[in-house]
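Here chain A shows up in two complexes: once beside chain B, once beside chain C.
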Partner chain A sequence: MSDWVALLSFGPDGWGLALLQGAWITLSVAVVTLPFGLALGLAVALAFRSSSPFWRTAATLYTTVFRGLPELLTLYIIYFGIQLLVEHLIKLAGLQSQFSISPFLAGVVALGLVLAAFSAEVWLGAFNALHKGQVEGASALGLGRFQTFRHIVWPQLLRAALPGLGNNWMVLLKETSLVSVITLQDTMFIATRANVVTKEPFLFFGAAASIYLFFSIVSSIGLWALERRSARGFAPVGRQA
Partner chain B sequence: MKRLLIGSLIAATVLATGVVQSQAQQKEWKEIRIGTEGAYPPFNNLNAKKELEGFEIDYANALCAKMQVKCTWVVQDWDGIIPALLSNKYDVIVAGMNATDERKKRVDFTSVYTRTPISMAGAKSVASTDVSPDALKGKTIGAQASTIHMNFLEAHYKGSTARGYPTQEEANLDLLNGRLDYIVADRLSLEDFIKGKGKDCCKIVADVKRDPTIHGPGVAMAIRKEDTALRDKLNAAIDASQKDGSLDAIGKKWLGFAPIQ
Partner chain C sequence: MNWCSLPGYWMGFEVLERYGCRLADGFLITLQLVGWSFCLGLLFSLPLALMRLKAPLPVRALLVGYMTVFRGTPLLVQLFLVYYGLGSLRPFWQEMNLWWFFRDPLYCCLFAFTLNTAAYQAEIMRGALQAVPRGLSEAGRALGLSKGVILFKIELPQALMIALRPLGNELIIMVKASALGSLVTLYDLMGATKFAFARSFDLAIYLVAAVVYLALVEAIRRLWAVGERYLTRHLVARA
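Entry: the complex of A and B
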């Protein structure tokens, strides 16, 4: 047991520092992906609700593809496929330079596209929960489109969307483990490499599990606080704590 | 309009920081990027300081010094290791990869620099040393997926159940907990396991006879087919290392014996 402590330590033979660095990568990928995924998801939801059949079809195609493909496949397509495509285009243009998509960007793009597809459905549900009278009342008061969105629509939208979006965030945290296959040294990558060298699977997979659980618990607390704030002024319904 | 401009500027900056423009590698080859798995001790693995170490790391670095080129290492999971080479993420693979005919369809190989025996490991209670396909009929045998060992099982051991694992370590674990009856792998890798975790449960049963069409001539470095200049450069360095004994010296340090058996 005592050598377990030594293996997790921060000394020269301890994997503690490597695990923390892996946890940082996991967190960075998730945090950078989040705003892009949510914003793109909102855009796709608006496309779903648009009057133009072109945008509606485009939105349907997008969510079907990115919810249907396994995230690992999407990641491979972005990391290897885009690179091959761009290099082919560069060759066609007759240029010589080399192009290399960084694994961090590939991970963020792939996970962002998937997050957007799942979030779009959540935003759509939130739009449906919004009472039509709210927007009509705002226009009757003379509020412009952006003002209506900012003061009336957005807070209520957020309140309805938060549980679903919080769910998507938790899934995103777990999905970041896939970037270990495109050379990003995240928590799972370090845990598997440490296991190979030290042959202590329970210790290192347990450590990885603790890291993910830690992020998960902190996220849950944060989401609970956000939900409480967004529901201020309303009678408490649904989850209490 | 202003927002659109600012937005596209931000997008362009993000794109630019994400795109890593590597130097144009003219056929000079002053810098070589090497891809490896980092999960196959004693050939290549990561230590606690996240540095690569192992027989192949020392050997390739020695070759780079001899060729007077600057070498950088990239750690890539096994399943994506050839696609990454073909997508130009690095220039050569040094990862205990056997030069099989199947792989030769996609990539080129240098001269062989390692050829070690392939063995089957099993429980300590196994009495016979017969590991022919008839003797192992009905047994469950494990190997690392996408390797020559897996191909070997699928081709010759049709009467047994073959199981593939993402890394060798996971196959070792299943032998330890009894899910597998045997595992087949490079003997060195198995000895590494038997000396450590597998001390009490398992032993090396016997060597398997190499099938040249499946196992290939041995372990070599993989390069893209169009990089003939790089291949010649590497072959010259490998031949020189065999003649001056540096290959054997590094091999003895990490493997305990000369790498080409």
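Entry: the complex of A and C
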């Protein structure tokens, strides 16, 4: 038991600091992916609602592909694909140079593309929950398209989408563990390396599981508070908001 | 020439011709892995959900813990805990005559995936059971029906209908998650593809795998929708 404490310590022989750094990378990947994925997802949802059949088909194709592919495969294709593509372009330009994409960037792009596909469905559901009369009312008041979106549609959209987006975030948090396979030094990568060195799989994968569990539990508490806050105008009569 | 190298031959795609049979074998492994773990998960999910709702407090607390841990951590961690963790207890398993099980990456995947999907499916079942209006079971009680009859004839049929759609989603999630098996040396579709890529450095082989996965997921989605329409046909308003 005392061995285990020593192995998790922050000293030179302990893996405590490395694991914390890994946890930081895990969190960074998730936090950087979130705005990118959600914004792209909103754009895809808008394409779904577009009057042009071209955009609607493109949106359907996009969500079908990125919801259907295993995330691991998406990650490999993005990681190796971008690398090969850029090297090909370099060769075409007649230059001599090596190129390698940062695993962090590849991870964020791949997870962001997947998040966009899943969050597009959530945005779409939120759009459908929005009453048509709201937009008509806004145009009757003489609001422009941007003003209507900013002041009428967006606040209601966000409230309706929040539970679904919260789910997307929880899934994303766990999916970040995949970036360890393209050598990004996240929680999972550190745990794997520590296991190779020390032969203590239960300790280190258990520690990794605890880190993810901690993030998940904190997130679900945070999301619960956010949802409560966003619904404060809708509290039943007689209940303190 | 084997049938499985024909697609590559016809397309003039040499890498696919050479590794087509490995990919086909991998595809079968993927199907088996997903099929077995999903069905086993389904089998466990109902008793788990019922216990989660109706068992005495200590059992309930234990189940909440199980479901929180398996739904709150990545499947990859769970898989590594089984494959590297349980797999490291070799003398113990040999004594128990279970080493054949934990030695094999396929069984390790099956074990981890079943534990994982059972937790998710139990949560789906719990939500579905709770969504059945209370008045139905109360009416059953008022009619003097026994608890078993109320459960099997009133609550469960309604709940299973609600659970159908999320269960279909869970099956698709399992298909996609099964690709993780390739990280513990399993030669499923993903593992076979990685093997082919490592030998050929031809990225197009990943695109072949992508098409196969997409086709599988689309097929499941459509079949499931047909099944769901059939099972809920009495609810559809006639035009």
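The rule we apply is simple: the second predicted complex is superposed on the first by the 235 of 241 C-alpha atoms of A that agree within 3 Å, B and C clash if a C-alpha of one lies under 4 Å from a C-alpha of the other, contacts with A are read in each partner's own complex, and residues count from 1 in each chain.
Note that a contact is a pair of C-beta atoms (placed from the backbone, for glycine too) under 8 Å apart; a residue touches a chain by one contact, two chains touch by 3 or more.
Since the structure is predicted, the reported quantities are computational estimates derived from the model, not experimental observations.
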item	value
Combined model on chain A where chain B meets chain C, clash or fit	clash
Chain B versus chain C as contact partner of A:Gly14, first or second or both or neither	first
First, second, both or neither for A:Ile217, with chain B first and chain C second	second
First, second, both or neither for A:Lys199, with chain B first and chain C second	both
Touching partner for A:Val181 - first (chain B), second (chain C), both, neither	both
Contacts of A:Leu73 with chain B and chain C, given as first, second, both or neither	second
Which of chain B and chain C A:Ser28 touches, first, second, both or neither	neither
Contacts of A:Leu84 with chain B and chain C, given as first, second, both or neither	both
Contacts of A:Asn167 with chain B and chain C, given as first, second, both or neither	neither
Partner chain(s) touched by A:Ser230 [first = chain B, second = chain C, both, neither]	neither
Candidates 3-11, 39-47, 147-155 or 165-173 of chain B: the single one with C-alpha clashes against chain C	165-173
Chain B and chain C contact sites that coincide on chain A, given as residue numbers	76, 80, 84, 180-181, 192, 195, 199, 201
In the complex with chain A, residue positions of chain C that touch it	68-69, 71-78, 80-81, 84-85, 87-88, 172, 175-180, 182-183, 190, 193-194, 197, 203, 206-207, 209-210, 213-214, 217-218
Chain A residues touching chain C - in the complex, by the definition given at the top	64-65, 67-73, 76-77, 80-81, 84, 174-178, 180-181, 188, 191-192, 195, 199, 201-202, 205-206, 208-209, 212-213, 216-217
Touching residues (chain side chain B, partner chain A) in the complex	17-25, 38-41, 45-50, 74-77, 79-80, 83-84, 86-89, 167-169, 173, 193, 196-197
Partner chain B, residues of chain A touching it in the complex	7, 12-15, 17-18, 21, 76, 79-80, 83-84, 87, 96-102, 104-105, 180-183, 185, 190, 192-197, 199, 201
